[in-house]
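Here chain A shows up in two complexes: once beside chain B, once beside chain C.
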Partner chain A sequence: MKHTPLTILFFLFFSLYFGCLAQSQDKYTEALTIKKLNKNKLLFKFDFNTISKNPNYQNYFLFPKTFGNLVKENSLEYLRFSLTQGMYHLKYGEIGRYSPPGGELIATFETKEDLESKFRTVSRKISGIFGTSQKFSDLTISAQPFYTEFNSLESTSQRTHYSSLPREPVCTENLTPWLKLLPCRSKAGLASLLNPIKLYDLFYHSMSVEVTRSQENSLSFHQQLLLVVELKEFKFSQIFGTPLIGPICPFSSQTKIQIEGFSDYSSFTPTPEEIGNNQVGFILKENLNKKDFNLHYSPKEKTNNNGYNHNNIGNDNSNNGNDNNNNFNNNGINDENISKNQSIKLNRFLKESGKIRGGVITQITNLEKNDLHLTLYDSLPWFMRVYFHTLTIKSNFENKEIEITDLNLESEQGNESNLFANQASLLRIQTSQDHGRPSIFELALVLKPGETFQISVDYLKGFLNFEEHPFDGNRGFDIAPAIVSMHGKKQNLKKRIYYTDSLLLMLPTPDFTMPYNVMTITTTAFLIWYGSFLNNLTGRAGLKLKKKSKAKWIIKPDKF
Partner chain B sequence: MILQFSLILLGILLRVAGYHFDLSSFYNQKFEYVTPFTSFDNLIEAVHLMSHGTSPYGGSHFHLPPIYLWLFRWVDQDSYSNWGLRIIFILIDLICCLLLFLIIKQTLLQQKNKVLKQKLERILPVAISSIYFLNPFTITSCLVYCMGNFTRLFILLSIYFAMNANLVLSTFVLSLAAYTEVTPALLIIPMILYCIKQRSQLFKSKLNINKNQEKEKEQKQKEEKEEKQKKVKKNQKQKKEKKTKQNNNKEKQQNNSKIYLQWFFGLFLFFFWWALLLILSQLMFNSNITNIKTLTNDPNFFQHFFSNSHYFTFLKHTYYFLLNITDLTPNIGLYWYLLTETFVVFRQFLVFTLQFINVIGLIPLTLRFHSYPLFLLAITTSSITILKAYPTLADFPFLFCLLVMQPKLLENTRYRTFFIRGFQVVIGLLSPFYKIWIQDGTGNANYLFGISLSFSFAEILVLMEMIRSAMIVITNEKDKKKEKNSKPYYISTPNKKLHSKKDK
Partner chain C sequence: MMKKQNFSYIFLFCVLINLFFPVCLSTRTSTHNNNWAVIVCSSRFWFNYRHVANALSFYHTVKRLGIPDSNIILMLADDWACNARNCFPGKIFNNKDHNLNLYGTNVEIDYRGYEVNVENFLRLLTGRHEPDVPRNKRLLTDSGSNILVYLTGHGGNEFLKFQDSEEVSSKDIADAFEQMYQKKRYNEILFIIETCQANTLFSKFYSPNIAAIGCSELGENSYSHHFDSSIGVQVIDSFTYFSLNFLNNIKPGDSHTTLEKYFNSMTPKQIRSQPRLEFFQFQRNPRDVLVSDFFGSIHEVVSHPINNYTFKNDNDNDNDNDNDNGNANINEKENVNNNDNFQLKNQFQHTEKTQPNMEQSNQFQPRVEDEAIELSDNYFRIGMIILIFLIFFFSIIEKILT
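Coming up: the complex of A and B.
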């Protein structure tokens, strides 16, 4: 045989192609879950999963290269980054993992050495990728939760670093790089529904990226978009602006739309089918490009209020926080703001009189029928100087204070059996530093069915330099929510994580308009002190004795 | 005696009543008395943190040195109603009051004008000490367990010991004051000056007593001799005079060397006590180091010692905190708003210059008033307290009592009514303006800034008036001496005028 250059090229090409295929065992799936929630809310959950087995961190097929490098360079085991707009309340129903408002970054590393510096590089890279200000998540707001487990990895307690920027805005410039991480971008598949103009009008919007490196040497990359809409009937074209057009993503091994929680599947057009595992929905195939897929839902029993229920929005928002304090002494179970399957109810608010002192109160109610084992992670920034001696837990049972047992378990980690021996135990205290790390406390709580714990701690506000205030200084500071995570094997549940409400803290502001006046006036006072001081000591001119040389006293001794 | 006793009883009763009606929880959050440095809540928090095995200085609440932690390690949240604690704080005030009484009484003993002395002895000590003990500011600071009371007690004790020429105890107590609040360390020079003066006076008075007894004997013998000596020529007399002069010079030299020794001794003692306290508190603070043996066994002892990583970490939270003014919580001082409103770039420069000026200003003061050490002490103490980072209103009566202690100086002050009215208005407006800003949110920070500035400004002006009147007294005394000793010789013209007027 003659080996012409063309044949050589041909063989080369083929060997490369098969080589690539052999190396990239990447699997990519797309899914959209539509779920009915309480209070006329609908959840649209987009899941884009890429799993790469035996990655070599050199050739990437479907797995995004930036994240591959990030994992390798910083020896990451787990990374989760989310950007959220709006606050999700548990009264709408449980939707699995959700995110607090603003930006949130969780990173678990292989080892616990140099955690802070590694975390800093990771947060800078993330902020570079998504165009956020996550790089400001320095030590003043980031910390290590020891007892909250964010993932299914084992004994992550001292290798995890957490930061949350509750005031981070979300907009299209964050969504674009997020979409670019998908194999088909937003050109094809379910991602073509994600029209930035429509997305940010919705009730709740949360996009997240999750990278997990499991011990079987496989990398999974999970992109999730949670959208909560307040509608009674919907059409794809109404919510997203377009129906699902065009080809589904050719790299996707499965593209499905799953429908949950609706009583009447017949009011959907097209009607959903069974897709296995007791799930109802559609499995989309390539023939989609012949006709548009415009899912339409209109319930047959129509109420008067169609579409947006404007009255409801106001009511819901007013109910979410402070007035729940009133029914602390009732069993919180008979509350309106509770969904059927809810296992826990969380409230958090500030008590303040004046702008200097105050307290943070967190209420946790057990709505399950068995005992709940919870850990609470609360991190407050340094300018809330926490008085740890005021930390108290009150129970609504007999309305009494619960004794907090102090467990210094930092030396022996992972002894979960010890954690919940008492009704309430203090696991960890981290004191704050000025302009530095936040103050943290972690509690382990055992709640009986129907029991409400009220955890309160007092603080003294620190005063900031006028440059340290944000530009709208009178708006206040957003305080990241506390994290409640559920432990225990009884419930056969995954370790679930809940977030309390985030808070808005008002700090006393100086006058931003006149720094120069203050500087000049005060330094003048100093100058007068020093000047007249020297003048009096050196100058002899002007020193006159009084004409009467006899003493004239202020206190006249004769009068006494 | 009855008057004094009843006044003391009244003061104690007022305090007890305040505690009984739980006024302490009312005044607990008053910014005039509760600064980050003096707050009792912060002490409770520190003790609580200690019991949890974390550093008491965490959370930037607590800024007192560790010995106070050790003293108050039994304190908890309920101790606001603890009578033991209340009695301690009442006792502190009572001791301060008694010390003031004793100090003023002794200063009056040295007064030369006998008529005045008799008049003043009856009234002045009682009046001033009761001004201190009975005024609302001191009582309130006692009610809120203001930790600044300790510094005041130590300064007064130190003055008292110096008055009795007890250098060892005086420096020890002063080192306690410096240990709590660094800046009183500047008082060491006037304190030693005062000690030396008192010692020489005591020495003189003793000598005088001895001499008088000897003289009486000698005179009888001498009288007979002198009659004989009168016949001797005048030249011999002159020679004798020369000899006595030489003897005097020798005595002076001896005295000088003694004075140098005392200076050295005083300074050494002061810093020795201070270092001892610091080392002691280090031992208390670091639970890992239980005795000195482990300290010296540490191979990297000196490295750690200077790198500040393991040893003396509390210095950063106590002395550095006080000197660098890191906490910008509003108080009645000058610094808090200045430092909130300055750009962060200039912060270090400003803090350094202002603190430096405070120290440097004491040098001309010491040079001028070195022969009037008690007045020097009063002026230095008040300038330290006026310009300190976290002053409280309770410092105000303390300063007043210190300055009024020498009635001679009050004579020449001007604008008395102006100052009295001014202080009334300013102190009255302090808490409303604070409330406007912090509680109600109807006014902004400038209100409080303005009023706290004018308060400090008024204090500064009073201090200036006192210095001025002291200058008048000094120049007057010098001139009198010169008149006696020799022909009037004036350096500058205004004194000529002064005397010419006086002569008329």
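Coming up: the complex of A and C.
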């Protein structure tokens, strides 16, 4: 017997008691969304939401105490922290908010004053909670995006601090503190599926924590785990290593599994049902009717490849970005590589020749049928010495460059109509300081349907001090991704945040290898000694007659 | 008559005392009241996999014997478990049989990546941190703490390499220990170093109450034990391999295994280098120093097995690429599939000694020391009672005879 009657009674009692309590204080829901993406990918999105109305910051029930204290002591309005392994490409499909690779920390404070020291305190506490490195508060990396809207709060400009570490190692020990923030930990509910070792064998996974304090004085704590798996048919026990065993978390007011994007719901066992709001899935009751819940999906049309395989490249029928003429510049739109409901296509790369200079190129393509209003935020570290006079924007619709209107709205808070009046406006420039703050530029762009903008800026590489080189400097330096944020109030589009690729920049590094240095120094010293020794020994004494009178005895070396 | 009466009262008094109070004294001579451990893997890059396996092996040994995570500072200089070159994501093995996943989910790493450098190491030892360094990164020891310091990596004559680019010298470490002595930050230190020419690293110690074990002399290299072809690198060093052979036989609360016995269990022929155990101004008799003075905890503990999470492998997981031999299902439920090899096997199948089953430590066990005390107390009590009866018996005989 898996669950004795006593355990059932215990959990029933718990759920009754805490159910009553939960309704009056904190509300907690769990949800799992299974969505079919392109290129044989599947998305599993775990959402754990805790909402606390009128929190008194002293007694905490389901809302985690560490974050409540963090919000209160640092006067935070919004905080988002994510740890991600892998890179999410938009060609897989639209999944809402995702995270860039590595670690990312966004914090919005109530006031503008003293942002850097407040951010430093917050980032140190967060890195202590999750066991990450303390580099989020490094001033050479972190900066403030003025015009990117990370959340639905109003006018957060100049109060937000952002820091992104693409190189942050994410491993199994980072999931453990994240799981401990859940009310039922990983013992009950949907989180009991999460086995760290299985998660780290997947294509992409990202765990994030988001705290929002709304104006009506309610705190919401949202934990999200995104998993992207490359499978055609799946079972819970195959992906997670275990089926979903009861009980459901008694604190949760609703535990649901939602299924989207599949064409044939009959291939699922058990069969999903309608759960309201045009959603299809399951609402899980306690104890799961005394049976393990092992969702199994096997599509009826089976191709040659069954189950879990890594060799999907050949079966995609995609040309990897070029048509048969090997023409790379085909207006940025290649039908094989975009999904049906993809809004934009992003690309970012370095153009370099040699170790001295280079350029960053960002390409944005509008795949929607309407105009898009976007803001681009790009922050490049100081050792890429950006020359802003080389900032140019080209469009595939016009022959000449797009003129960039200089708005420079740093001092005032412009409203939407001012920002997007022109095709391309420069909202803000921050020049870098050596060994200090990064260079930042923010642009407001209006893209017509099908238009591609190519934004390029040139830089010269700077020299790092010897102590500033990381220990594996030969690998290169990771540059944080640029953030493209969609402002959609007019067109009724959602506000969305997209991330470009992160870059790897090779700087000329000194050779750190000890044997090499030892060999060069010793051989040089030896050569100097030996060479002069040999020269002195084998030189011949001879007369050198000068035009003037005296002859001098000079030792002349033999020519080697 | 009065003499006999007094005699009997005295003996009755002794019997009563012996029945209620323990008589035997503990064999432990240590003076510490808490235990800490600092475990450092100082090398970076994939080919130094064996160093992190060494460090994690000692980490798990120390945890099993009772030191909690809050008292362990673990410094790993790179990320091997989730490295792109690791064929077994999330797993680190110290044996080519892959019996035990050292990384699991119960590992708490305090310093990782670029934070493992000479400056942070010396700041950790001396306690001179910046104000906002969190608690888990501090060595919060006091004058009653016994500290185990274990360093592994690449080294040479009087230096240890950090991250393949920095070095800490023996004089630096000696000075750090002297600062700790002056600030009363330790009771005794056991310093174990496993690098090439390791013994030179403690040649400059001048503070009292330090015991040091090094695995190779000046001019000697320290060798790895064996190669794992599925991972592609050496997975463990000889010194750690034979240390674990010995330490796996020690239970929590062990009170009779001395440090000397541990040291003598490794012969130079086995590890192919000359180890050395040295005591610097040790207050107690060095022969009384126990392994559990440093490796275990003075408090009674319930030790948990290494793989703490529970999950069930489905029976038909044909598509599963993983070799899940190392995971134990501790909470015994039905549907345990014996083919999936749930029990933690003996860690080293090369030795002939029998290893203790790790699952035994799941339940609370009384300390071995207490058992010994109880046993000897019982002997003494029985002996005293027999003596009393003999005396009464002879007094009765005397009465009869007279």
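Here is the rule we go by: the second predicted complex is superposed on the first by the 458 of 560 C-alpha atoms of A that agree within 3 Å, B and C clash if a C-alpha of one lies under 4 Å from a C-alpha of the other, contacts with A are read in each partner's own complex, and residues count from 1 in each chain.
Heads up, the rule we're going with is that a contact is a pair of C-beta atoms (placed from the backbone, for glycine too) under 8 Å apart; a residue touches a chain by one contact, two chains touch by 3 or more.
Please read all numbers here as calculations on a predicted model, not as lab measurements.
Within the superposed three-chain model, A:466 lies in touch with chain B and out of touch with chain C [touch as defined at top].
Of the two partner chains placed by superposition, only chain C is touched by A:175; chain B is not. Once chain A of one complex is fitted onto chain A of the other, the partner contacts of A:186 are limited to chain C, with no touch recorded for chain B. In the superposition on chain A, A:515 contacts chain B only, with no contact to chain C. Of the two partner chains, neither chain B nor chain C is touched by A:283.
Contacts of A:197 after superposition on the shared chain: chain C is touched, whereas chain B is not.
Contact with neither chain B nor chain C is seen for A:504 once the two complexes are overlaid on the shared chain.
With both complexes placed on chain A, chain A has more residues touched by B than by the other of chain B and chain C. If you check the complex, the residues on chain A that touch chain C are 2, 85, 120-121, 124-125, 128, 131, 133-135, 169-173, 175-176, 186, 195-197, 200-201, 235, 237-238, 240-243, 245, 294, 307-308, 470-472, 512.
Chain contact summary for the complex, chain B toward chain A: residues 29, 41, 44-45, 48-49, 52-55, 58-61, 76-77, 113, 116, 119-120, 122-124, 127, 326-330, 334, 336-344, 347, 354, 357, 361, 364-365, 368, 387, 407-408, 410-412, 416, 437-439, 441, 444-446, 449, 453, 456-457, 460, 463-464, 467-468, 471-472, 475-476, 492, 494-495, 498, 501-502.
Against chain B, the residues of chain A that register as touching in their complex are 353-357, 382, 385-390, 406, 408, 426, 429-434, 439, 460, 462-468, 508-511, 514-515, 518-519, 521-523, 525-526, 528-530, 532-534, 536-538, 540-547, 549, 551-555, 557-558, 560. Of all residues in chain C, those touching chain A in their complex are 44-45, 79, 81-82, 89-91, 101, 103-110, 112-115, 117, 132, 134-136, 163-166, 309, 311-314, 317, 319-322, 333-334.
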